Amino acid sequence: MTQTSTKPDAATGADAAAQPWSPRIVAFVCNWCTYAGADLAGTSRLQYAPNVRIIKLPCTGRIDPLFILKAFEQGADAVLVSGCHPGDCHYTAGNYHARRRWGLFRRLMEFTGIDAKRLFFSWVSAAEGQKFADLINAVTDEVRQAGPFDPTNPARKRPWT
Amino acid sequence: MARVGVFICHCGENIGRTVDCAAVAKAAEAFPGVVKSVDYKYMCSDPGQQMIKDAIRDERLTGVVVGACSPRMHEPTFRRAAFEAGLNPYLLEMANLREHCSWVHEDRPVATEKAIDLMRVMVEKVKKNAELRPIRVPVEPTALVIGGGIAGIQAALDIAGGGKKVILVERSPSLGGHMARLSETFPTLDCSQCILTPRMVEAANHPNITLMTYSEVTKVDGFIGNFEVTVRQKARYVDPEKCTGCGACFEKCPAKKIPSEFDAALGNRTAIYRPFPQAVPNKPVIDAEHCIMLTKGKCGICAKVCPTGAIKYDDKDREVIVKVGAIVVATGFELWDHSAYGEYGAGRLEDVINGFQFERLASASGPTTGEIRRPSDGRIAESVVFIQCCGSRDPKRGVPYCSKICCMYTAKHAILYRHKVHHGRAVVFYMDVRAGGKGYDEFVRRAIETEGAEYIRGRVSRIYRRKDGRLVVKGADTLAGRPVEIVADMVVLADAIVPQPGASRLAQMLGVSYDEYGFYSEAHPKLRPVETAKAGVFLAGACQAPKDIPESVAQASAAAAKVLGLFSQPELEREPIVAKVNEVTCVHCRACIQACPYGAIEDKEIKDSKGNLIRTVACVNEGECQGCGTCVAVCRSGSIDLDGFTDEEVLAEIAALE
Amino acid sequence: MDLAKLRQDAAALLADGRAGLVIGFRERAGACVPAFVTDADQADALVYDDTCIANLAAYLRKPEIRQRRPVALVARPHVMRSLILLKAEHQLQGDDVLVLAVGDDTYHGVLTLAEAERLLNETYADLATDAQVLAEIERLEQMSPEERARFWSEQFAKCTRCYACRAACPMCYCERCIVEKNVPQWISTAAAGHGNYAWNVIRAFHLAGRCIECGACEAACPQGIPLMLLNALLAREARDQFDARPGYDAEAEPVVGSWNKDDDEGFIR
Amino acid sequence: MTTPIGYYPGCSLHGTGRELDQSIRALAEVAGVDLREIKDWNCCGATAAHSLNHDLAVALPYRTLALAEDQGLAEVLAPCAACFSRLKGTAVRLARDPKLAQKMTEITERPYRGTVRILSIIEFINRLLDAGLEAKLTHPLGGLKVAPYYGCLLARGEDIVDDDPEQPSGMERALVAAGCEVVPWNFAVECCGGGLSMSKTEAVLDLSDAILSDAEDAQADAIVTGCPMCHSNLDMRQRTINAAGRGPHDLPVVYLSEILGLAAGIEPERLGLDRHFVDAMRVAERMTERSA
Amino acid sequence: MKILDASKLSDLADTLAGAGYRVVVPVQDGDRVRYAEWSPGATIRTDAFPVNSAKDFLFPRSEVIDRYQLDGDDFTPLEVRPPAPRTVLLAVRPCDAASLAMLDTIFNWDYEDDLYNARRAATTVVPLVCTRADAQCFCTSVGGAPDSSAGADALLHPADGGSRLILEPLTDKGKALVEAAGGALADGKAAPDAPADVPARFDPDKVRAWLADNFEADLWDLLSYACLGCGACAYACPTCHCFDMQDEATRTESVRLRNWDSCGFALFTKHAGGHNPRPDQAARWRNRVMHKFSYIPERFDLVGCTGCGRCARLCPAGMAMLEACTRIEEEARKAPAHES
């Protein structure tokens, strides 16, 4: 392997530091309801906060707690998980499985020091474009109030020395 | 090394207005693994697609990310283009820059920054994507229809008419189901048997239909396209090959006092019997429980009188395994047992009967040859009270749901009664009249307005027998607000519609889910009302919910259409988004098996070359897996993954957002 | 407790071949350590007292131990629950193990798994979480999220990733633990910071609805990390939210991996 | 049975229902049960209270229950069906609604922990049978055909009566044990007109006539009841019913406790059988002597 | 003679810290005692056995060994200079000090481990003579002693019935430390207390001889039944030194880490193809014994165990090296190694 040397872009870091903090939120959503709900928000041209990055899964049943841990580890200020309303799951029961899993996992997260204010769960159907937009705005506002995720939180990755 | 191509679409002004597409393309060019990054006005246009195809060939791309509209819109378009250029379509991903970005944000720098993030996420994912090939499952083009009532007959005929083989299994000795027992049908009052029996005969004679009456499904293995079903053929004691259906046997049978199931116990049958004269097949069976020869070892009269020697007292139950590609369940319904309503004298008062019994009384082929005679003494009933919602809409003692067809058949009963007993009094107690349906409300109006049925809105509190043998029906007229008392010769209870006994057992065999009452659950209440959550198993008729004849027939035809669609290709092609088990690390805790909504995961035994069991692991049946990934998240050791959404792919996406 | 009877039973099981191995406890330098008895005449070395915390059911995952099936285990009620749960999770067959059942200062004799299940439900149906552990959980719950984060930060910093907690737990029977999965590597294996957090949290979560609160993991931790706080919290939640009673019913469905229409969703928007 | 059972006679048993009181006390004595009248008991509220003042409707029985608890009575027999319904209904409501219990404590200034179990006449007699009364029924009634009549309060109230509200069968065991034959009939739970006894006597005549007629049609020798209101409507008003041109009826109406008392060999007069309007002494004539 | 009051050990720590040393001492931490960096207010505990060993401060459980800056498809190696602060291991156990002699050899045998060496050079080792031992101590069986000065730059002797400590410098580093301690030490006289009585429990040569002939012995099964396969013993062991390497990357940086590893783990020798030459816990435990009592002695003429007994104290399953060795010696006596 050849070693190519590129200069680190020192300016990037400085710029980032200069910018005011804005929440970074990772959303894990199901393909059939919430992703489609977000699409509807788009086709309806509803404006909402730009802080959320969606990761699409087929179903909330697919969402492993490891995903949530990883997002916090990488420095997300909050995590949103959203899927189909009970009874509406495209796969009949994935959301029920997910609901139970979160019911336990969120307790563990809170107990180990991740503020419940940084963990969001919702049901957004494919018809709820407005709910999606409102949700993103509410979540963003609440995270803004909670402030940045503490870099010394044990869940969070710190630079190696 | 990954060689990813990035294509940013302006979507005219739709994306370009708020997202600086050129800047996004430029930023993406610097992502690790990206070898080409361009932006273009309309990526979905022919020139746009050509641009992607050319790049795939020229740049030897190993992955493509199109930043454009929602993948729900154009993912098939772009994946087809990739395929045409020789790239596995699952190596192309879309980033949703329009619905999720340009249309919902106004600030250009902010939207551009988000678009870059969205692109990075998909670039990181596509680098981990694997080539996937559509899953092909061979399909055995034979259908099994369970239940030989009108729904089962219709489904079988439609599938057979479509040129595919059908095995039609019926539990009783004859086709026909409940419909064969009906006198006339609402709202047209055509004779039930007149319209049904031709279809029964057609089903029996159809070259594509194999009839298995007096048979039950006892085991179901396999999956869509490839079911193996065990059917138990009960011993008939009559060789159907030799029997000509002459009837000499049952005319001479000395065991004559057996209550007829077909006549709802209002008439009798013999031990060797055919359920009704138009039965299909029109060949008798011996009821082993009541046959003197089979219970006591002496008699043998039927064998003596049989001109063809068809009687076989040593006949045995047989199990047959059939291979089928699809299953239509049409097991129908039963009437709720109204003995829970003690105040209606159930079981004690002979002249309090249910709807089926009235049908048999009203039927020209019934025990009274169509005269409305009360069971206790055979007198013509001069006054009949009909009570709707007996058990229905009664969460406490019956069932909470509406049985749907009772309003209509009660109106029919009242009309039929008035036709037969012109001077008779027909009184109907009802809670509500629900007559939605073509010609239905008109039919009820006719019963009330021109046929002289007296409709009383209210419940009956008690039925008792007077000294003179007539019944007293005490109830309330809630519209008039006073108690009423009607003297009747007969009371007909419109019992609730409930699933067949044993419905849940069959459902468990089939892997079909069912509600708390035992009605089978459809895959989606709106959009997949005929399918079940178990791929390849379809529903027809009242086994799903109370239904009348036209609805049952319509659903049966719909199920047949689904089956024919499935059978239209020799192989079933499915999206390869399925779960896969790592058999090396699986410890067989069975959490995935229990969690799978489709029963698509099963045990697999791993054996050495000598056939000794080494270990048992979970195994996903690709034919049944729908790709939800619920199993992946319950697997603690990380031994299952979902193609198309693998752990590696998802982790790459999360890491891209660092 | 009738130790003589226990020894006598253990000896008899080995002598008449009903068990290929008896696992119990012996005394060494004033402490109780696991004992592996293969000959009837060694059974007199067996002892039992309250300090015998190790959950011997953990040994059933070792192939060399399984080879000697049926294995008889000295088991207190918690350990019996482990065995029932292992059966529910298809890791044990009913006749793989016999139980030398001890509890409440009583020796209950040699039991089959089915008999142990009955004994549990009749006599030990309400094994409660240790009151001190519950009190400590409640104390932590009173703290602010920041204080809790600091508390766990200090605790997890001690973790050397020796995985003694995992080894001591009978329910950690995966042959390849998620922490050892490297494609992809979800959990950093470095004994520091986020890797320690993710490991300890996921270990606890993988026991959600499955932990029978025997305390073996915490007792095994060389560094003294209060692991039972995590386990007992989830046990409490699984019990309160989903009526979980792991280890009382060998036919029970897993708590995580099943669902009920009426599960709480007050936290979902 | 050694533990005493509390006794709540209510107003009826001190008035029109004296036979009921007499026969119960006599039967208890034979069975060896210590019946203790609750000291300072008050009205159960069955009359007007429960439809006019909801707090009072609960407070009245509450006070009686609190007294019983305070007097160390774990069980209380309320022979009158109306009293039973009020007391038991109150107990059920209190158990369900702790706020109501608190309010009642404040109103009556008495605590009540909810420990008292309330017995109906049917439950009480079945209890006696359980405790050995069956062996003491030395004078079975020789196949006396009886129509058990429950009326409303001994069959209804989901949480109050443990029986099928439409097809009750609570009396049957005792009647069979007493040597009676229970006839199937239709009017076991039909209304006797009880509540309208004073205000709209005409209705009572219609309703009670129907009940008597059906029992006669069923060839019953007597109607057996456990409720003093039903009893007075069917027994006392039988003559009026006949006078109004219905009937004519001549059907004895007896209490369950009287039937059991007779079977236990108690003199009919001690049971109050001679106090009935329609001659009930003929029922006593059916007493036989069981050879030892 | 330099002496100090036993109760003033924390003053000495303070003074040394003030003089620029990173001071590592056994302190109370929750219900355990561990070697940790001194901070004022901590409680020094010399009467209990710490759960970790001195190697933590020379060979940490996880450390960065390589580092790269990433930029798109390009990367730049960055220099890795680990912190090597001037450190004193104060009042550590003589068996811990003795382990450093072995680690020095290991980390300079086939390559020179710069990271270890840098830290080692900056470390002054001051063990405290043991006057008490427990049932798991067996230093005297493996060539050590409760008052051994092996690996030590200075030695602390308990004196006058435990009320005083004598600090005896042995090397230049030791002298420098005494210098730095200044007023925390006094000149005076004290009578050293007798070291603990640790009877020899087995002969490592006999164990080694048996091992040479008994790779396949049935005894290994019996000895390893209790082992549950965790890494508690290896991580507590002052001489275990195996490590694994892992890369961790972000978008801008990649690091290569070395993390402790243990031959007790099933994955330790598992090959990519799935084969595992040490397929069961018996083979893994045998390796542990072999490594300490056969391979290391063969290669370096050292016993690979200092007899600290820490592994036995911490093992959740009751495994004990002392017990294994005495059992092996017993076996060797039963069937003496045949001449070859």
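A, B, C, D and E are the chain letters, set down in written order, and residue numbers restart from 1 in every chain.
The working rule: contacts are C-beta pairs under 8 Å (C-beta built on N, C-alpha and C of every residue); 3 or more make two chains touch, one makes a residue touch a chain.
Model, not experiment: these values are computed from the prediction.
Touching chain B and chain D at once is no chain at all.
Chains that touch both chain B and chain E: A, C. Central chain by Cα centroid: C, whose mean Cα position is closest to the mean of all protein Cα atoms. Distance from chain C peaks, on a Cα-centroid basis, for D. Ranking all chains by how far their C-alpha centres lie from the centre of chain E, first place goes to D. Each chain gets a centre from the mean of its Cα atoms; for chain B and chain C, those two points are 44 Å apart.
Remark: chain D and chain E have CA centroids separated by 89 Å (rounded to whole angstrom).
Separation between the centroids of chain C and chain D, computed from CA atoms only, is 60 Å.
The set of chain E residues touching two or more other chains comprises 72, 248, 250, 257.
Contacts with at least two other chains are made by residues 65-66, 70, 93, 97, 101, 157 of chain A. The multi-chain contact residues of chain C, meaning those touching 2 or more other chains, are 175-176, 178, 186, 188, 256-258. Here the touching chains pair up as A-B, A-C, A-E, B-C, B-D, B-E, C-E. Contact residues on chain C toward chain E in their complex (touch as defined above): 28-34, 36, 54, 58-59, 62-65, 158, 160-164, 166-168, 175-176, 180, 185, 188-192, 216, 219-220, 222-224.
Looking at the complex, you find that chain B touches chain E at residues 30-33, 584, 655-656, 658.
Against chain A, the residues of chain B that register as touching in their complex are 70, 72, 96, 98-101, 103-107, 110-111, 113-114, 117-118, 121, 513, 523, 533, 577, 595, 597-598, 626-630, 632-634, 642, 644-645, 647, 650-651, 653-655, 657-658. Contact residues on chain E toward chain C in their complex (touch as defined above): 29-32, 34, 51-52, 61-62, 134-136, 221-222, 224-226, 228-232, 234-236, 244, 246, 248, 257, 259-260, 262, 265-267, 280-282, 314, 316-318, 320, 323.
On chain C, the positions that touch chain A within their shared complex are 137, 140-141, 145-146, 148-153, 156, 178, 186-188, 193-194, 196-198, 201-202, 204-205, 208-209, 229-230, 233-234, 237-238, 241-242, 255-261, 263-265, 267-269.
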